[in-house]
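A, B and C are the chain letters, set down in written order, and residue numbers restart from 1 in every chain.
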Amino acid sequence: MSSSVVSARSGARRVSLRAEHPHYGEKVIIAFLFIAAVISVAVTTAIVLALLQPLPRFFSEISIVEFFTATEWSPGFARPQYGVIPIVVGTLMVVVTALSVAIPLGLLSAIYLSEYAPEGVRKTIKPILEVLEGIPTVAVGLFAFFWLRPFIEYLTPWLPWGGLFSTGVAGIAVGLIIVPLISSVADDAMRSVPRALREGAYALGAGKMRVALRVVVPAAFSGIIAAFVLGASRAVGETMVVLLVAGAGSPQLNFNPFEGIQTMTAYIASRATGEIAVGSIVYDTIFAVGALLFTITLAMNMLAIRFVNRFREVYD
Amino acid sequence: MSDSFNKLPARSRFAAAGAGLVVQNRFASADNKGKVSGVLFLSVMLLALTISLVAITAILAWAFVEGRTRLDLDLIFNGPSTVNRATAGFSVAIQGTLQIIAGVIAIIIPLGAGAALYLEQFADKTKWWNRLIELNIQNLAGVPSIVFGILGLAFFVRAPFNLGLVAAAGSATIALLVLPTVILASREAIKAVPSSILEGSLALGATRWQAVWLQVLPAAVPGMLTGVILAVARAIGEAAPLLLVGALTFVTFPPNFFEGGYSALPVLIYQYAGRPQEEFQILAAAGVLLMLVVLFVINSFAIWLRARYERTW
Amino acid sequence: MKKNFIASAALAAAGLLVLSACAGAAEEAEAPAAEAPAVEEAPALSGTILLDGSSTVGPFAEAAAELFMIENPGVAVTVGISGTGGGFEKFCNGETDGSNASRDIKEEEAALCAEAGIEYTRVTVANDALSVVVNMDNPLECISVEALNAIWNLDSTIATWGEIPGIEAGDLAGEEIVLYGPGTDSGTFDFFTEEINGEGGNIRTDYNNIGEDDNQAVQGVSGGLGAMAFIPFSFYQEYSDTVKALAIDSGEGCNEPTIDNLLAGTYTPLGRSLYSFPAASALGREEVVAFYTFMVERNEEIAAASGLVPLTEDQKAEQLAAVAALAG
């Protein structure tokens, strides 16, 4: 606030620095700013409402126990089962594959960029990596379906590739998308490690690799974990790539990466653009699955934020 | 060092020499071996980077190779056509995307800048509601895009906004999707302005708002604008939420923002890719190429902007 | 420097908005200007028509819309493809003028419309069918409905071609059956399961789900000797040199999926009609009447453009009467 009173020991007159006339217009403006910020809360509330509203109706017909424990997801079939585990497993398979691609690629790139790369190289490569993140996911999905999968099949003909869809390839494509995310968050974390730690290790005679792997990475550990969790969260929410590459899969539990599978996101997209009459229980599955998806990503994001705050605290 | 060292009692000199030897043994021998593994490590990292870069090139190559036969002006100026497949194009979808983006920009600039300004300059950080708002924004940044589609369908298409399946609904949905990242980027930009600028202004008698509006905000504008441009780039490529708010339509005439059907570039590409006729598959690849070129231009502009106006205080 | 920057940024943003507005205006200005020569003497039609529904009927309606709009540039026709069910929901909510459907309206949906006071009629716009396709090298030519049901029904455990009752599998006996089919969201799914399995959704759950993209079924079948799928006839027409369609025997001999058989009604039970349900209130507008009449009268042209099978002469007469009845 701009009010303060100056009192001089020499006995000069007290001068108030408060504004000469109250600026009511400014108070209004600040109120508008507050409203702009509050809109984010309104959005979250709206999302929660939209997802929760059909749920009482849904769970009055489908038991929650069945929802969470049955192992067949076949709404719309003659003897429908509403066990959500198969599509959760679908999402999990894609995420695990994606992370197994993105963690090595992302972390290694981050270590290189933060510990080894000269400033000019870093300035060029970071934006280029961001391009990978910015490619529309429909393009990545089409590319993965038409070129990536045949290419991988060509490289590994001994593997039991069947059909057209492949959860494994979908996972690899999603992994490529999240590499820049993991790389930049891990890079930020590693750059926050104070130089003193590195220099202490160098002074003791350690080589660059040792410093990077034994000093910087452990020091930036919580930030790096945050990077992984954020990457996983992004992978959980990916829709277009899995729609195009993993197809729709069978209603039963399936752990085969060489066949298609349906993830939670792909299910929502197909159901919402599909033929089942709105307002029916089958349609309401959109909201049930959507609520589950939202809860999972919320939990992951909160976890990641915790880790990020931890690494910020330690060194700020 | 040797002078003062030699003045120490013999015991200390021996101890120091011994300690030095121990340390040397611990590290030096390990790192002589380490030369090879160091080089290996470096090559592994460079390999990792190369794979990512190769992936980018491969995607571009796919789009070019598959779509090059349709890289003509019809792509941009003709609309979708079931009847004339060989000359069908994306014109209507391009217009739809432009309208959606115009709406997105109109929403995210005031809301994003406003929220960021409030949180950085006017909020009392100890109050719980301000911390809740911050937490909220960070969480929203990670919500899957399709959940925003559900939000759009439930709130914009139907009651309370009741816009129907129109471009305005798509625009609002996408705007909310990218808003958190705009707020986060704007906050970083505002944070980067040193507090001395603000405080100097206050010291000269400005009210807080005057100081922010006249000093801090102009200094933060380049960073904020970069955030907006990157958000726009992301908005152009989003298909999943639009699937749920009505963009999955065959429209052959330019969309009206508040009435009637609309389409968007990534959604039309997805639609074309699902049709049996080969002309449509080629068209989908050509559309991808078009989108990538546009995004490249936008991203380069953002990068240039960031570099040009980046200030070290 | 800062002022210049803000000014140029504002200019760029304004330019973007102007560009999109201009593009929209230019197209709209162009469209009425390019009048088709020598049309009816009636005054130019104008208005908007909103259709939504089945993605099988979609291409037909889209082609119809395009051709109609060339001759009537003042009318704007939009065709959505939210699916038959989704289309009805919007239709009974009063949000669309007509609903495209690959099946007849269900009781629940009709009740919904009655509740909302929406009256409608059913117009058959085209004929279509489902084709059962197998690999080109598959020796089979004809399959009975019983055999199909045996393969596809809910409790089926058939895994190889040799296990299918009533089929001479020959060399294929030991080959594994790989099934491809659409998801439960598809009208094709509904139709196949009702006709072949006896009840909607009464299908085994372990087939390869191609979602909405029939391309995938074709690719899968052409790539595997033991593969089988059911796809819309229009898709099969496009890929008739990549996959083989089986003739269907529903008790009176094998009938191949050909246009003649469809028109003659002998390709049973997988022949079907495609419908569009205009609302009575919409038919009060002359452009809607004109459009529906157009769809029936210019049927061959539109069907040819969209890969569907046109109406027979009898069907045409019937439909024109139906439209006239509700409109007049």
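Convention: a contact is a pair of C-beta atoms (placed from the backbone, for glycine too) under 8 Å apart; a residue touches a chain by one contact, two chains touch by 3 or more.
It should be emphasised that the depicted structure is a prediction, and the values quoted were computed from it without experimental measurement.
Looking at which of A-B and A-C shares more C-beta pairs in contact, the answer is the pair A-B. Ranking all chains by how far their C-alpha centres lie from the centre of subunit A, first place goes to C.
Separating the centre of subunit A from that of subunit C, both taken as means of CA atoms, is a distance of 37 Å. Chain centres here are Cα means. That of subunit A falls 13 Å from that of subunit B. For subunit A, residues that reach two or more other chains under the stated contact definition are 273.
Along subunit B, residues 248 each make contact with two or more other chains. Chain contacts: subunit C has residues 81-82, 212-213 touching two or more partner chains. Against subunit C, the residues of subunit B that register as touching in their complex are 80-83, 91, 94-95, 98-99, 101-102, 105, 164-165, 218-219, 221-222, 225, 246, 248-256, 259-261, 274-277, 309.
By the touch criterion given at the top, residues 2, 5-6, 9, 13, 16-17, 19-20, 23-24, 27-28, 31, 48, 50, 52, 58-59, 61-63, 65-67, 69, 76-82, 95, 212-215, 218, 234-235, 238-239, 305-307 of subunit C touch subunit B in their complex.
Interface of subunit C with subunit A (complex): residues 54, 81-86, 88-89, 106, 108-109, 154, 178, 180, 183-187, 189-190, 193, 197, 199-203, 205-213, 216, 219-220, 223-224.
Within the complex formed with subunit B, the residues of subunit A that make contact are 1-2, 17, 19, 23, 26, 29-30, 32-41, 43-44, 46-47, 49-51, 53, 104-105, 108-109, 111-112, 116, 125, 127-132, 134-140, 142-143, 146-148, 176, 179-180, 204-210, 213, 230, 233-234, 236-240, 244, 265, 268-269, 272-273, 286-287, 290, 293-294, 297-298, 300-302, 304-305. Those residues of subunit A that touch subunit C in the shared complex are 72, 74-80, 162-165, 243, 247-252, 259-260, 262, 266, 270-271, 273-280, 282.
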